[in-house]
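Several structures are given next for inspection.
Consider the two complexes below, in which chain A is the common component and chain B and chain C are the respective partners.
Then we have the complex of A and B:
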């Protein structure tokens, strides 16, 4: 068995342990903040890649689930006083329900129509956030902070503990998503991406598979939003704006769509660029745009796509393949 | 037995198939021939449910297939391979067949296990062996030779365990050697699996060598039907399609 679930769990456990121990030997507040934001974006972008890379569905509206996750969680915590795990679970239910309704309409469409309709739904959610001032605070966002009562001895108001929780959510989320793409379902999703007509001839219920993928992607995108709302202790309209979807598309383009970890690598690149570029210039958008162009025109794909291709074409690998024959 | 009764289909008023009545006995290996535009592929599209007939019936062992959804027609036992290989470029041959078997068995949405499902692998290997694709098991479909891509397309049809296999120009675009290799595989498959095979073919050498009966279509109508010997001596067919010994052979 190439990728067993147990192997993923072991690697995940090692990764979490390493991430948890790292600040003990290298106490750096900037790194902790960077990792929490990274966890949020990496889950968000990897969930988009479930659709783009594995399903061939380019969504321009995936940010709606990030925003929805942040706002649902924030509102539940502010208004109901429930515990964090309960609000987290309920947020997943809300995101899944919305993804089911939106997906049922969108996934019937192909390519550019799918992209634009998802964008339309995203802008609908954004307008709702802006206009429904009594609930969402309008363009001011959810202010006054999100209460973060401790549960099971875990206090997420403490940055260290939030860091650990983010790492656990990140690794857990990645393990689950990796399992999804390596499951029979994941391969059916690839079949649809490659050749939906033939897949249908073979008995695949294309609509149902795409819809389930859309809902799963929505859930993990929402979890990314929850981490962000815990990090900033609030929720702001830009979480639900189209620029959020744009960031995820950027990350996926930077990191690559043909490897599972592409979006994680893309997240690190984008966040580093973000931190470095803003330190030196106010023309952040211009610089970032130029770098994206460099990737698109120079590498013609994301970084991990490029590296994977380079690796496969390397003389050493080709020779090994020949010996394998 | 697959029976076609008074089948008609027109596109924008132009008849592609008109009033066609044909029989394909169970276990036969039948070639459908005819000049370009004779309606051969349209006939396959009508049988497999890609198009809906304007009139007439397609009966498989007493069940009328006209109006059924594609998936239902597949379930009745009809599968087809395509003129241009319709495959999954990013899958290896083995992955393709594993995924196809799992889809055919209604296991396409399984989320709590890893691909490939052990219970599907046996059938996938069986189909690979049937067509001699096992040596390419780990090759990416996109990198297969043209001939092997066509074979993989046939393999995908076989996964569906059809009683009737429709092959639309299995040798299209192949060189002479590859053609005979392909057709030999089809022939052996037919011999072994005892299924009804209907194939469209332009190469008359192949047709007369392997088919045990032939149907000739011309302008959407049945021009002739019979054994290879009967067709070879049929005056209408010679005039319309085969050409005379010294005349041009299209």
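Then we have the complex of A and C:
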């Protein structure tokens, strides 16, 4: 286990270095913006996949943590004037606390009931954001920009430095999540997904494991929200709306649920599609719908699922397996 | 396997063909003529979803004027090239599109044709990138009134909530005095705009006529399809007058369903957003005598310039302009005038020239529009109230609001909110 974590760390360090060096070779502002948004959505979608792919818990309300992360970070920065790391840490605490409370109620339920109860909680948060105008600004969102004072010589008001910070958060978040799913905890989670009754008979505290997974997913979803709030320098009710959850579910489906990097791939596909398609047509929904159809009818699953399956079925792998046997 | 491969090729061919066609069709009208050193103006707006019609009308308003400016030589000799993109009405998309327009597409000026939260998101982009930005659709007063929001490079060329409330309150009080309307009821959409606008209208109604009493309130949800319960509540309350800031499809549904109960013959109705062609032309059996603020109407200001602008717009786009059309057209008019004054297309110098600039315009209350220097927002535009008739011109006569009165009360309002 320690070995795989060390390997993750080395790969992560290489990835961060490559991402940081890339703009020096290829100074493209659009790429920098794209990566910041990508980091936000990738963390958000991967955290949902902790629930969907590894826990078998299809949450329709995961956007609540994205919105919560964005709003609590934005409000802390606007109202208290604390430093960015402090607000970041406090946001994690807030998200975890809310996830704990919501999760304690939701994870007792299964399948569609779980999905709809999470959706109900998200809409509760959304209504709160819309109605609590003195605090949240209602449907106008948090206006006036989020102050980004420098800390430790890092100035997140500078897009380049925000890019580096986002890359570090993305890679760090992915390493942690990978470590979680590869740990005994992660395997217990898979066992619960496949057969919760059997897991319970084996002495696994199903409720506790699911709850911990829910809280962890909430935290990483919240970090995605923090990055987004830094990118737009604000927080808006759309972040907490069900459409945000829908976007994450869509990314996960597009990328695939059976590989760890599926949601990251899904994020890149969706953002690229979004940015390219909206450049040329306002019939974005129509175009995207057609592409979803291609995925649903052509691949019948997410891209990485399809590729993994294709690889496993390839004559070369089959032959190797036969030789091995 | 073979069938698979064949179908793959077919699919690819279909996608290629479809994409090429889509690009061809969609890109053609958006790229205006490109000559030597054109100046690119980026415009994020809402071109899909529920309010797409308004976004399209913003684009139309801009293009109508851009063609004229380009025919006259462009901005200080540089032809304007508009780059117009859909934000889908999502603030994070509006921010993303605005950044991309400046950073990747090389736009030197932004026209922010976003509504509410999207406008604040673009405002932050303008703050970050220090690019000249003209807000054309956000009516939220704090965007320019609040000194904390203000930046030197952002302007507003559209109406705003506080002006509408003052004029509406003064007009309604006058009607209420004449017709002895003391018992009022409100019916507005349940979100920040609906709540704020209604509260502000009632505040100014009471300012001008202190014995008015609001006996009941109804708050239908935004985009609610069925208004039966609201209408029943109004019929039971029997108010002498009703105020509503429902808009668009919500307003037309409400009017049509209210017609069934002959609601509008029993109570004097003040619907601030009625006099916009998007509502007027859509509603079946438009009742006579509904009071409304002017959004955009061909009959007000009653000048040949305004009427001919509406006709030119209609001839080109086969529909009447909206409130968003004139506001976006105004942005281009101001840019052209400021570039002429500064004799350059440089954003910072245009911004300098815009402060306090007055131009001739069909949309001005006296044929002129001004960008007030102190808060960089539009004043002097045609603003007033009138009553409807079932057929064209729908609102034949509009009583103009008094700008002197608006300025006085606006200053008091700013002081009360700590903006001054």
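One rule holds for everything that comes next: the second predicted complex is superposed on the first by the 322 of 325 C-alpha atoms of A that agree within 3 Å, B and C clash if a C-alpha of one lies under 4 Å from a C-alpha of the other, contacts with A are read in each partner's own complex, and residues count from 1 in each chain.
Here is the rule we use: a residue touches a chain if its C-beta (ideal position, glycine included) is under 8 Å from a C-beta of that chain, and two chains touch if they have at least 3 such contacts.
For clarity, every value in this text was computed on a predicted model and none was experimentally measured.
Enquirer: Answer with first, second, both or neither: which of chain B and chain C does A:138 touch in the superposed model?
Expert: Once the two structures are laid over each other on A, A:138 reaches chain C alone.
Enquirer: One more residue to check, A:5. First (chain B), second (chain C), both or neither?
Expert: first
Enquirer: For chain A, which side has the bigger count of touched residues, chain B or chain C?
Expert: When the residues of chain A touched by each partner are counted, C comes out ahead.
Enquirer: Looking at A:187, would you say it contacts chain B, chain C, both, or neither? Reply first, second, both or neither.
Expert: first
Enquirer: Determine, under the contact definition given at the top, whether A:155 touches first (chain B), second (chain C), both, or neither.
Expert: neither
Enquirer: Is A:228 contacted by the first partner chain B, the second partner chain C, both or neither?
Expert: The answer is second: A:228 touches chain C but not chain B.
Enquirer: Once the shared chain is lined up, is A:275 touching chain B (first), chain C (second), both, or neither of them?
Expert: Once the two structures are laid over each other on A, A:275 reaches chain C alone.
Enquirer: Return first, second, both or neither, reflecting whether A:111 touches chain B, chain C, both chains, or no partner chain.
Expert: So A:111 meets neither chain B nor chain C here.
Enquirer: Please give the residue numbers of chain A that touch chain B in the complex, ascending.
Expert: Per the touch definition, chain A meets chain B at residues 1, 3-5, 179-180, 182-188, 190-191, 193-195, 197-205, 208-209, 212.
Enquirer: Mind listing the chain B positions that touch chain A in their complex?
Expert: Contact set of chain B toward chain A: 70-71, 74, 79, 86-91, 95, 98-100, 102-104, 106-117, 156, 159-160.
Enquirer: Any idea which chain A residues touch chain C in the complex?
Expert: Where chain A meets chain C, its residues are 28-30, 33, 37, 130, 133, 137-141, 143-145, 157, 159, 228, 231-234, 236-239, 274-275, 278-285, 287, 290, 294, 298.
Enquirer: Can you list the residues on chain C that touch chain A in the complex?
Expert: 11, 15, 18, 22-23, 26-27, 47-48, 52, 85-86, 88, 90-93, 95-97, 99-100, 103-104, 116-117, 120-121, 123-124, 127-128, 140, 142, 146, 148-149, 191-193, 195
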